[in-house]
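Which chain is which? They are A, B, C, D and E, in the order written, and residues in each are numbered from 1.
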Amino acid sequence: MAFFLETLFGGLMTGMLYALVALGFVLIFKASGVFNFAQGAMVLFAALAMARFAEWIPAWLGFDSKILANLLAFVVAALAMFVVAWLIERLVLRHLVNQEGATLLMATLGIAYFLDGLGQTIFGSNVYSIDIGMPKDPVFLLDTVFDGGVMINKEDLYAAAIAAALVALLTLFFQKTGTGRALRAVADDHQAAQSVGIPLARIWVIVWCVAGVVALVAGMIWGSKLGVQFSLTTVALRALPVVILGGLTSVPGAIIGGLIIGVGEKLSEVYIGPHVGGGIEIWFAYVLALVFLLFRPQGLFGEKIIDRV
Amino acid sequence: MFYRENGQFKTSYQADQQIFPIRQDRIAMLVLLAVLFLLIPAFASDYLFRAILIPLVIMSLAALGVNILVGYCGQISLGSGAFMAVGAYGAYNFFVRVPDMPLIPAVILGGLCAMAFGILFGLPSLRVRGLYLAVATLAAQFFSDWMFLRIKWFTNDSPSGSVSVSHLQVFGFPLDTATARYLFCLALLVVVALLAKNLVRSAIGREWMAIRDMDVAAAVIGIRPMYAKLSAFAVSSFIIGMAGALWAFVHLGAWEPAAFSVEVSFKLLFMVIIGGLGSIMGSFFGAAFIVVLPIVLNQFLPWLFGLFGAQISTAGVSHAELMIFGALIVWFLIVEPHGLAKLWSTAKQKLRIWPFPH
Amino acid sequence: MDSNSIVLNVNGIEVIYNHVILVLKGVSLQVPEGGIVALLGGNGAGKTTTLRAISNLLRAERGEVTKGSIELRGERIENLSPAELVQRGVVQVMEGRHCFAHLSIEENLMTGSYTRRDKGEIAANLEKVYTYFPRLKTRRTSQAAYTSGGEQQMCAIGRALMTNPSIVLLDEPSMGLAPQIVDEVFHIVKDLNTKEKVTFLLAEQNTNMALKYADYGYIMESGRIVMDGNAHDLANNSDVKEFYLGVGGEGRKSFRDVKSYKRRKRWLA
Amino acid sequence: MTSRKTGDVILDVKNISLRFGGVKALTDISFNVREHEVRAIIGPNGAGKSSMLNCINGVYVPQEGSITFRGQTFSHMNSRQVAEMGVARTFQNLALFKGMSVIDNLMSGRNLKIKSNILLQALRWGPAEREEIRHREFVEKIIDFLEIQAWRKTPVGQLPYGLQKRVDLGRALAMEPQVLLLDEPMAGMNLEEKQDMSRFILEVNEEFGTTIVLIEHDMGVVMDISDRVVVLDYGKKIGDGAPHEVRDNEDVIRAYLGTAH
Amino acid sequence: QDTQFIPLLSYRTGPYAPNGIPWANGKQDYIKLINERDGGVNGVKLSYEECEFGYATDRGVECYERLKGRPGVAIFDPQSTGVTFALTEKAPVDKIPLITVGYGLSISQDGSAFKWNFPFLGSYWTGADILIQHLGQELGGLDKLKGKKIALVYHDSPFGKEPIPLLQERAKLHGFDLQLLPVTAPGVEQKSTWLQVRQSRPDYVLLWGWGVMNSTALKEAQATGYARDKIYGVWWAGTEPDVRDVGAGAKGYKALALNGYGQDNKVIQEILTHVHGKGQGTGPRDEVGAVIYTRGVIIQMLTVEAIRTAQERFGKGKVMTAEQVRWGLENLNLTDERLRELGFESIIRPLQTTCQDHMGSTWARVHTWDGKQWGGMSDWYQADEEILTRLIKAGSDTYVAEKRLQRRDAADCES
């Protein structure tokens, strides 16, 4: 029982971490109907920037407060992400208004390659660490009830809290502001959105900036967990079933999807895995998402797929 | 200037329905085939064959298969790597388990295995669409990764899960030189491309495109979405499966499941998008872009830097390669969002009206 | 036309799609302040393209103005973004509706107020649109994709009105609307024109209606303006009568009787 | 109404009701269509006309009611069955296959009639090629008939609206239907083009005896070419009869025509 | 043609770059050292070209095809298990030897079946064998392993699966319980793996990871409270990039050490003087002598010695063909004395290859991470001949049968 709870909690926490990456996908999809293949690359780029600046800034300025270094590095990394967003709009998206999803997807792939190359050129390809003082050791709860207690990881707990806060903030942003509506309009029809005076350029810069910051937060947390190196980009692949399950356009969906996927894959690996040789969680996550899709083809909270003549 | 179609009148529908209705195109095609089959084998180096041409031909074949599904039938698939893997391991099992199995039947049987697998994972397409479908196909991808690592039977009980083949022969001729391998793959590609072209310009091809463009309307004119989608999955995964078998048997010789990882799936999808969705020709352009360009960049950049007297480290080259490759993708899309094939046909269009600008 | 009251001056523009398809071959037209100008012509004549060139929605279609100039109150506008044009009061109602499929009718309308800041004004505009099109009010919460064709057309027009425009480029407003609503749409046009001094440039197939409400008309054929004049004069031109109004020499012909006989248009000779 | 004879009832719609959540798109609609006639459906926007067609060809499933076609009664058919029985249609919001050429669009209308299997098609061998050419000949006739020869090989997405409407009609005709459902075929056309379209419709009706169900907002066209008219308003039937009867019906004038006509 | 060409496959980008960079640097630096200090091998200068493949098998094969035709090409080090598998089929055709130090196919130790493969110093089977021996010693005898539970957390790829047959063999022998826990590559998500570890509470965990998987595993072990000093890694999990980022969290973690390391070794000192001292160092100075850097140096040293050996037979001061180098590889004899001369005496043990034995030495040690650096080296262990020979014989028999090969005879051994 205690073990079941641990697995459950572990799954929930992992799910929140996936959700953090998934959010980036959702944001950009929502705002432009683009499936942003570069999300993984953005996470890596942001994390690299953060990790390296946290090293460089104290060296340049000659102080050694860890907190200050992290703070400044975060700000500088966020600025870098703003610049990236602005350049992407200027050089890429602007020229691809009104093109099909496949074309835009491809363009984001180009961006992904570019960012991978650029990030490694500027920041190097080694393992770097982000130390934002996350506690690494587990705590044990309920040790009166269960023998050995129920183990929970504090780092995960913090990360999950940050993810939740971010989601709440973004949900508010989308629901309560006119911008949210404009974003959805843009996603539906670039040309019509232009025709009523929605400035695509500004909208896209805003959204890519927000997505950049989300990527930075994700990169920071994942980076602090895993170390900052190239494999961070593969985290995006783990977040994919989450986005799909939650619905490509839903911010809260990313969280719920994350929780379901997280729990589903951990329970499956732990309870089914050993009987079939293990290593099943990744495909299980996808199959789980698929099963949900068979009932709701647009994901749990996605906008209904329009099907009309 | 001599690229004109006027003056060439078609007197029968048969003539009008040819793959290349313009005479100049037909001649160009024959020349191209002659170059591919005669000239290149006479001059190409071993490196060119093994490192560029053979992979290019095989990937073109795979991209062709992907294009049928994604480009013609509009079903986004990220499971192509899995179909290739099933093709490869399917062929492998026939090859090692059936004594004296020749290569061609093994490849075709591998294709058939992939076809069955493709149909199975195509079933969700009846309900799930677009990017959401991509997830279903990714499920196929990760499942196959797992399956070939975990189920020993498929790898003939090799402890590490990696397998190899040797003594390939076609009609009794051993396939041991690079030229022979190239010609074999090329011949298969030409045959399959021809068949595929026939398919996409026949009734079934129209069904696929109809489903892609407007599925409700397609249903109203009597097209069964189920049949159309599943047949696209079947044909496409059959071709991809054969390509997978070739990749494993002819190109790699020895392989592990990672040879057909999700990256391969992504690459194949990119080939068809950058080459041109819904264009047989586009598959070849796309394959060339994705397979050849990075290699060319990799060798060209040090030379370029050398020209300016600068030294660049290998890491620097490969970072620059990534950036240039990414930038080129974006640039081509901006010039022509519908892919290289479209760019090609626009160019031909311009040539046709040359020297007038419009 | 009095040249200093011209708000919109299109001067010999040439438009090319996709770098190869030449569609407009030197189109010039003027729209006076507070006027209603009709742009008439058959399918593929280039009406939509002309409007897109003005509102600069052309780029999204991979089209490009390669020659000529477009001026709004003396200012060159070829390089302004559509959003900037909306800021300046120029809005286009696109052909084929283009409602935001996933948004409800009301949300669709509200997107039109993106450039407006004043809450009171927005509310008033919304109310105005609802009074013009009561049908929209009853369907306000439905997703636009699931409304009927006519409802979507109303939505598209209403959405444009929400931007508080001074010049509206209307592309086929009557398409798919019931006769009663067609009347109404043209009434609204007239109404806005007289009461709020909104200028209209409208591309229409319904020549009858268009000439009835417009002051001035241009007729396009294959990318050129072939004829222009006061609406009244045009309506009385014998070619226009025969080809666009259906009233040949012997009055209105029944659709049943037009058989294969066709007279060639004089200007195509 | 010269040489044609309208025959027996070929399509009988009985008590159809269709709801989408709270929206009642159709309430208890009944009407019939006779063989060889031109039957118009009119009504204000959102009255449920298009939905009615969608029910007939199996795109929507009505909650209540039945449809009888050539003596067979169905509460619901799938689109394929309807197509097989010889019902074709055009769409209000163009539903062409945008990426395909005009010829391919029309050829796709003939797909139901193609018998060669996938292998023969791949080889394009003997019978398959002959079959393809036979259908191509038929389609060319339609192309000539609709006067769209010049655009044969253009992808339809690039055609102007009016021509797309013609292609849409062509695709339906390619199915050699017995009943042709047309949803606002003349929207967005100028007079000349409407005349052409009317001519096409009437010729199909007269020469092939095709029964036509037509939704149209241009009253001139409706009055001139239809034999009988159904009027819908807010999902209810408010009138049914010969054109002139309908035109003079008080309810119809109030709900639909307005005063001007 | 007057230089001996050494192609260098490397990955300085991509997921495994953190390990790939020092490795590649070590390989280059040693070549530079030989050219700089000795003027080449008996006067034959060494030339090289690096080809970046980002750990992608197909790009690696492309590199191979590109470089294999260069004049004077000596040898290939595929640097990845995937590329090794692919090249194992090609090398016999092209007649180019493959050197895989500490990786590759375990059965390729059998030189009579694998003429062109040289898995020097150890394979995963020797590694796994030594780990078990070490555990036995810690417990005070292999018999104490009875009833113990050992979990293998492995990279789910041929690399990770290689040790399984040996461990199973050993498990049968000593009666311990072997639990297999695969981790999907690249291994960034291991929560469920470590939850399973927590559930089954094995006495030891063997970590068969590569790249990011290693640090993630250690972090996850910390997060689930599994004692790090019960975790034992393979030598690819015992380098600096594997633990640096975990720092104190990995304190007590042990891993196999295939080779010695550190800047005190003579060869490293010479590299510092002759290469870095002249501003020609490939990477940063402080990485010289790191675990995986040193492994790169060893690989190159073995290559150079093979060339030297070949020259003894085929002509001093001449550029050797790849076939001749192969003979050199097969007839290496690096005695204690020779190693001392070369400056490798505390880096590796003496090594002698034969036509039958392409590995030359099956010795390794175990070292410990103290939270800041590797150290606490154990004594050398040698893999158990008896078990290995049995497994290798069985494996290579199947291989020979499958490929319809002839085992090499005495005459062939002379060639």
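Keep this in mind: contacts are C-beta pairs under 8 Å (C-beta built on N, C-alpha and C of every residue); 3 or more make two chains touch, one makes a residue touch a chain.
Being a predicted model, the structure only gives us computed values, none of them experimental.
Separation of subunit C from subunit E in touch steps, taking the shortest path, is 2.
Among the remaining chains, E is positioned farthest from subunit D, on the basis of C-alpha centroids. Using the mean of the Cα atoms as each chain's centre, the chain most removed from subunit B is C.
Chain-level centrality, scored on Cα centres against the all-protein Cα centre, points to B. Annotation: 49 Å between the Cα-based centres of subunit A and subunit D. Rounded to a whole number, the gap between the C-alpha centres of subunit D and subunit E is 74 angstrom.
Subunit C has its Cα centroid 44 Å from the Cα centroid of subunit A.
In subunit B, the positions touching at least two other chains are 145-146, 149-150, 214, 216-217, 220, 315, 318-319, 322, 337.
Multi-chain contact residues of subunit C, defined as those touching 2 or more other chains: 21, 146.
Along subunit D, residues 59, 91-93, 95 each make contact with two or more other chains. By the touch rule above, subunit C contacts subunit B in their complex via residues 16, 18-22, 62. Those residues of subunit B whose C-beta lies close enough to touch subunit A in the complex are 76, 124, 127-132, 134-136, 138-139, 142-143, 145-146, 149-151, 214, 216-217, 220, 262, 266, 270, 273-274, 277, 315-316, 318-330, 333-334, 337-338.
Subunit A makes touch with subunit B in their complex at residues 35, 91-92, 95-96, 99-103, 105-107, 109-118, 120-121, 125, 237, 240-241, 244, 248, 276-280, 282-283, 286-287, 289-290, 293-294, 297-299, 305, 307-309. The residues of subunit B lying in touch with subunit D in their complex are 12-14, 17, 195-196, 198-199, 202-204, 206-207, 209-210, 212-214, 216-224, 231, 235, 278.
Within the complex, the subunit E residues that touch subunit A are 12-15, 17-18, 21, 156, 180-184, 186-189, 191-193, 195-196, 198-199, 211-212, 215-216, 219, 222-225, 241, 244-247, 249.
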